[in-house]
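We just call them A, B, C and D in the order they show up, numbering each chain from 1.
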Amino acid sequence: MKFSFKNDYSEGCHPRILEALFSTNLSQQGGYGLDDYCQNAEISIQEKINNPAAKVFFLSGGTQANLTVIAAFLRPHESVVSAQTGHIFTNETGAIEATGHKVHAVQSADGKIKPQQIQEILDAHRNVPHQLKQKLVYISNSTELGTIYSRTELKNLSAFCKENDLYLFMDGARLSQALAAETNDITLQDLGQLTDAFYWGATKNGALLGEAIIINNKELQGDFGFHLKQKGALLAKGRLLGIQFQELLHNDLYLSLAKHANVQAMKIKEAFSKKGYDFLTETFTNQIFPVLKHSEIEKLAENFDFYVWKNIDDDSAAIRIITSWATAAEVTDLFIQKINSLK
Amino acid sequence: MKFSFKNDYSEGCHPRILEALFSTNLSQQGGYGLDDYCQNAEISIQEKINNPAAKVFFLSGGTQANLTVIAAFLRPHESVVSAQTGHIFTNETGAIEATGHKVHAVQSADGKIKPQQIQEILDAHRNVPHQLKQKLVYISNSTELGTIYSRTELKNLSAFCKENDLYLFMDGARLSQALAAETNDITLQDLGQLTDAFYWGATKNGALLGEAIIINNKELQGDFGFHLKQKGALLAKGRLLGIQFQELLHNDLYLSLAKHANVQAMKIKEAFSKKGYDFLTETFTNQIFPVLKHSEIEKLAENFDFYVWKNIDDDSAAIRIITSWATAAEVTDLFIQKINSLK
Amino acid sequence: MKFSFKNDYSEGCHPRILEALFSTNLSQQGGYGLDDYCQNAEISIQEKINNPAAKVFFLSGGTQANLTVIAAFLRPHESVVSAQTGHIFTNETGAIEATGHKVHAVQSADGKIKPQQIQEILDAHRNVPHQLKQKLVYISNSTELGTIYSRTELKNLSAFCKENDLYLFMDGARLSQALAAETNDITLQDLGQLTDAFYWGATKNGALLGEAIIINNKELQGDFGFHLKQKGALLAKGRLLGIQFQELLHNDLYLSLAKHANVQAMKIKEAFSKKGYDFLTETFTNQIFPVLKHSEIEKLAENFDFYVWKNIDDDSAAIRIITSWATAAEVTDLFIQKINSLK
Amino acid sequence: MKFSFKNDYSEGCHPRILEALFSTNLSQQGGYGLDDYCQNAEISIQEKINNPAAKVFFLSGGTQANLTVIAAFLRPHESVVSAQTGHIFTNETGAIEATGHKVHAVQSADGKIKPQQIQEILDAHRNVPHQLKQKLVYISNSTELGTIYSRTELKNLSAFCKENDLYLFMDGARLSQALAAETNDITLQDLGQLTDAFYWGATKNGALLGEAIIINNKELQGDFGFHLKQKGALLAKGRLLGIQFQELLHNDLYLSLAKHANVQAMKIKEAFSKKGYDFLTETFTNQIFPVLKHSEIEKLAENFDFYVWKNIDDDSAAIRIITSWATAAEVTDLFIQKINSLK
C-alpha cells in the first residue's frame, strides 16, 4: 500500500490524546461544553493569547466553525471578503451563502489578501441600499496554498479593518503549522489582539477532531452559545474536544507536532529545490506545491499518494505534498530518494 | 461527589471503542467518510435493516442530523409536523426554522403522535398558497419522555404518511434503548421498510459521539453528501464515526449497552413503584419520570444528581432519572436504598 | 353577479387616488423611494404620530412588511411571539420561518395576546442555549378576528416588552379601521410612543397597494433600506406608494374611508343582533363573524359572497362579513333586507 | 429643472394604463391574482410566446422576481451562474444569497455570457461534495450594459444548459427594449421554447409597476404560488398587475413604447457618434454609454441629469443615457443640440 501525502488527517490522533481519553473515560462530566476539560482548555488558551477576556468555544470542524461564526456575527445585509482561494469561497459547498451571506472574492496568487484589495471591494459597493455592506474579512493562516502572513501584514490588515468598521476573522485550520514555520513572526498574543475572532484547528494537527473558536471582540461574544446549538455544532460530549485541546496545549504539544510536520515538508521541499523544480507558491509550512512534468508525477505516484493540484501547461502540473504529525522521518527519506531518482 | 443520573452522555465511551481507536490509529484512511470503517459500518447497517439499497451517512450529533435531513428533504414552502415535546420543537434553538422550515406541533402527553393529529394539521392548512404544505412527519423513538412506539403504531403512521405524500423521519437519538425495551416489538428491519429515513444514535449509547443517518427512500438519497458538507456535518476524520459504529454493531454491542441501561432504569422504576410513586409517563427504556414531593426530591439530591423535569402541583414534581451503559449495578443499588429510605 | 363581502380589497382604489396618479403622472422623480411624495408622506406620518425621529418606509404588501421587519430586527437565535390567530402564524406560507425565525403561538379566542401569555412562553424557554431567545412580540390591530386593543392593553403590553427586552411590533394591515372604531381609545400618537415599530396598511383601506412601515426605535432604523432591497420590497417607482399615502393622509381620508367601512359593518352587525344571532367575536371594525345555521348561510349566499370562517357545530358555522371603503350603503341595505328575511 | 436621463422609471405610466385603471376601478375581483385581468394577461402571454402550457405569475419588481424564481427552482446545494455585471450579482443587496444560494460570476465586457464561460465554472467545481452544484444560468436581455443576445447566442446557451442539466433563466427587466431593437432577431416564441423561465418587465416600459414571470419548464411550475406568497410577492390586488399587462399587450403597446425609447436613444447615439465619441458598449436599445471628457460631462450636466457610469482614465468617463416611453422627441432634440455644442 502506498503512503499518502494527500492530507494531514489520514491517521487517527497523537498517542497522548488516546491516553488522555483512557484516563478520563469514566469521570462524569457536564454535557455541552460544561465539563472540566473544556474549562481548563479555555483558560489555557486565554493565557496563551494573553487575553483573559476572550471567550473560547470548541466544536468539531472547520466548515462548521466558519459558518457558525459568520452567521452569528453578521446581520442579513452584511457580507464577507475573502481571497478567491479561501476555503469558504471554494470548498465548503456554499456553507456561508446557505446562512444568507455573500462572499466577495479578491484575486490572490499566494492565498493572502491585502488592504488595497479590500478597499477595491468597498469602493465597488457604494450604491446604498442596492449593494451589500461588507462587514467581515476572512483570512486563512496558514493559507490554503501553504503560505503565511507576516506580523506586519496582519497588523496592517487589522488596522485597515478597524478603520473601516470591518471584523477580522482568521481561519486557523492549520494555524499551528503557521506558528511553527521558521519564517513566522506572529505570536498567539498577536492573534489575541489583532483579530476579532479566529479559530484554531486541531483536526489537522494530531487530534481526532476539534477546532477552538476564540472570540476577542467582546461585542461578538454574547449569545454565541445559541448559535453553536442552532447550527448543530454543540457536542453533547464536549469533553471529547476539551480533553484533546487540553492535551495539545500541555507542554505545547501542538507546536511540537506542527514543527514535525513542517520539518518533513521542508526536507522534501529542499529535495525538489536541489533538483531544480519550481513551486506554485513559496511555503514554509506543511504544504508544498512542486511543479513537475506529467511523467515525473506518474513516477512518484507509483509509490506515493498525493493530489495533482493544478495544471500549469500541457506538460506539467503542480502537485500538493502535505505532511503531518504522523509522517515518519523514514517515510520522508524514502520519498526524497524517489524524488532524487526523477532526474 | 454525587453520582449523576442527569443524562446518558456523562462519561466517555465503552472500553471496546477506545480499544478500536487504539488498534486502528495509524492506519492511513481517506477523509470525509471515505474510510474502510464507515464503509463497513454502512454495510452492517444495510444488513441489519435488511435494506441493501439504503444509504448511510455518519455525523456528530442529533441536532445536526435533524437539521441536515430536514433541510435536504424539503423545498422552501414545505413544513414539518412534530409532537410538541419533539426535540426539534423545543430544544434545538430553532435549528429547523433557521434552515427556513416551520415545525407544526401537535399536543402529546406521552411524546408520541397519531395519524389523526397529523390529519388535523393538514385540514387546517388548505388555503393554497397562503399556507404551508406539510411534507415531513418527525417522530422520536424512544421519545423525549422515554416512551416507545409499538409496531402497529409505526405501521399506521407509515401508511398514513404514504397516503398523504408525507415523509416519515424518525429521530433515533435513543433508538437502541427503544429496541432493547422489554415491551418493544419493532425491529430494525421494520425501520428499513416503514420510514423514509431515520437516524440511529450512538452518542447516548456508549460512543464518544456519532449518529448514523439512514435514508431508505431512494428519491431522497441523491446529493445528500452535499447537504452534509454545507451544514458543516462532514467530519474530516470520518473514521472516528465509522470505527465506533463498527464496534457498536459488532456482536450487537449497541443492544447489550442499551439493555444494560434499561435494566438499571427498570430496577429503579420498580423501587419507586413498590413505594407507591406515580410516574409522568409509563416507560420501559432508560428514562423514568417519578413524581415526588419536594422534600423527597431534596433528600434524593443529597447523594444523586438529576433534573427536576416538571412541576406537577405545589407539593410535587416529576424528576428525570436517566441511566446508561455506564451506570454500574452497584450505583443503582445505592440509589434504590436511598429511594427505600424516602418513606 | 353577487356582491362580495369576502374582503376589503375587491375593488380598485378611491377616486381621489386615481386623480392624484393622473395629476402627477409626468413629473420626473427619483426612484426607489427618493421621490417628493414619499418624502411628504413620511413627514405627514411623523407629524400624525408625533414622533419626528421616526423613520418611514413604504412597500407593497403586508406579508412583505412582516417578513422584512422581522428579518431586519432579529438575530438568528431570536424568535417571535404571536397569537395563534396571527397572520404570520397561519396565513403567510411560513414567510417568517423562511427568514430563519420561529414564531411561538399563544392561544387566543379574540385574536389578542396578554402579557401573562408572553410570560409563559418566556418561562418555557430558560434552557440556555438549547432554546430560542424570544425578542419580538407581534400583535395585529385590528386583529384577524376584527377585534381591537384598548389603550390600557397596549400600554401594558408595551411596558411588559420594555421590561423583558422585547420589541413590540404591530401589524396594522387594518389599523385605520381600528382607529376608526367607535370603541377605540388608541391614538396614532400612542403608536408613535408605545411600539418599537408598526406598519400602517393602505391596501385594505382604499389604495391600489401600499403599506407604511414606521420605525420608532432608533436602534432599529439604521440600514433598514438594505433589508427592503434585499427582500425585493423596494419599488422602483416608489412614487406610486408615496402618492397614495399622501392622498390618504390628506384631510384624513384614511379615517373617512375606514369609518365608512366600519359603519357598514356595524349596520349589518346590528341587523344580525336584532334577529338574535351570536358572533364569534365582538367587533367594532369592518369585520363581523355572525354564527348562522347552514341553511341560513346557503340562503344568504344566493345573493352575496362571503367566507364560511369556522364550523361551530354540526348545525352552524361562523361566516365572515367584511366591508370596505367601497361598500355602498345601498348594498348594505340590500344585505340587511336579506338578513331580515332569514327568520 | 433639468430633464433626467437617469433611468426609465422616472415618470408614472402610459396614459392608456391610467385609463384602464379608471374604467375597471369598481369591478369586484378575486384577490391574489385570481382576477379576470391576470387571467386574460396570462392567456395573451401564452399566445404570444406560443406556449399554452406556460404558467404566468405577476409580481411587483425585478429583484423580487429574481429571488422568488431562484429560491423556488433550486435546492440548498445548487448555485447560479451569472455575468459579473448581472443585476443579481451587483445590485440586489445579496437577495439571492439571502435565500441561501451562491452566485458564481463570469467576467463579461458586454454583459453577456458564453457557454465556454459556464463550462469553466463547471470544471472548477468537480470536487463532490465539497463544492456547489451549478444548476441555473441567469442572463439578462437586454443586459445591464444595454446589449442584446442574438438568436444564435441564445440557442447555443439553451442547448448548453440542456446538455448540462442547467436551467436557463432570463431577466427581462428590459426585455421589450431588446425585442424592439433594430438588430434583434429573437422572438417571444423563441423565449417560450429556449428558456426554462424568464420574466418580462413592465416597470421600465410604461407601467406603474409589474413584472410577469413566465415558467415554460413544467417541472418548475408546480407549487410556484406558494413561493410567491412566502416571499411577500403575491399582491392582494393582483388586478393592478393584470390590468397593466393586459393593456401593454393589447395591440402590442409594449412594443410601441419600447421602440419609442430605443429610437430616442439611437438618435442620441448617432449624435455622439458623428462627433467622434466612443462608447463603452455597442448598444441598440434604450441605454447608451458614451465616453466623454470630464469637462464635457460637466457641460452636459448643466441642463440634463444622468449617471456617470465608469471612469475610463484620468480624463474621461463613460456616462449612461437612458431613454424611455416618456422621453419626448423634443427633449431628445434639445439634448442633441447640447451634444453638438460640446466640440
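Here is the rule we use: a contact is a pair of C-beta atoms (placed from the backbone, for glycine too) under 8 Å apart; a residue touches a chain by one contact, two chains touch by 3 or more.
Predicted, not measured: the structure shown is a model, and the values here were computed from it.
**Q** Would you mind telling me which chain pair, C-D or A-C, is linked by more contacting C-beta pairs?
**A** C-D
**Q** Could you pull out the chain whose C-alpha mean position is farthest off from that of subunit A?
**A** C
**Q** So the centre of each chain is just the mean of its C-alpha atoms; given that, what is the distance between subunit A and subunit D in Å?
**A** From the centre of subunit A to the centre of subunit D is 43 Å.
**Q** Counting in whole Å, what is the centre-to-centre distance of subunit C and subunit D, each centre being its mean C-alpha position?
**A** Each chain reduced to its C-alpha mean, subunit C and subunit D end up 34 Å apart.
**Q** From the C-alpha centre of subunit A to that of subunit C, how far is it in Å?
**A** 51
**Q** Using the touch definition from the top, which residues of subunit B touch two or more other chains?
**A** 76-77, 92-94, 98-100, 129-130, 132, 226, 229-230, 234
**Q** Sort out for me which residues of subunit B touch subunit A in the complex.
**A** 1, 3-4, 6-7, 9-13, 15, 18, 21-22, 24-31, 60-68, 92-95, 98, 203-204, 208-209, 226, 229-237, 239-240, 326
**Q** Touching residues of subunit D toward subunit A in the complex: what are they?
**A** 76-77, 79, 90-94, 97-103, 127, 129-132
**Q** Would you tell me which residues of subunit C are touching subunit A in their complex?
**A** Checking each residue of subunit C against subunit A gives 32, 71-72, 75-77, 99-100, 128-130, 132-133, 223, 225-230, 234.
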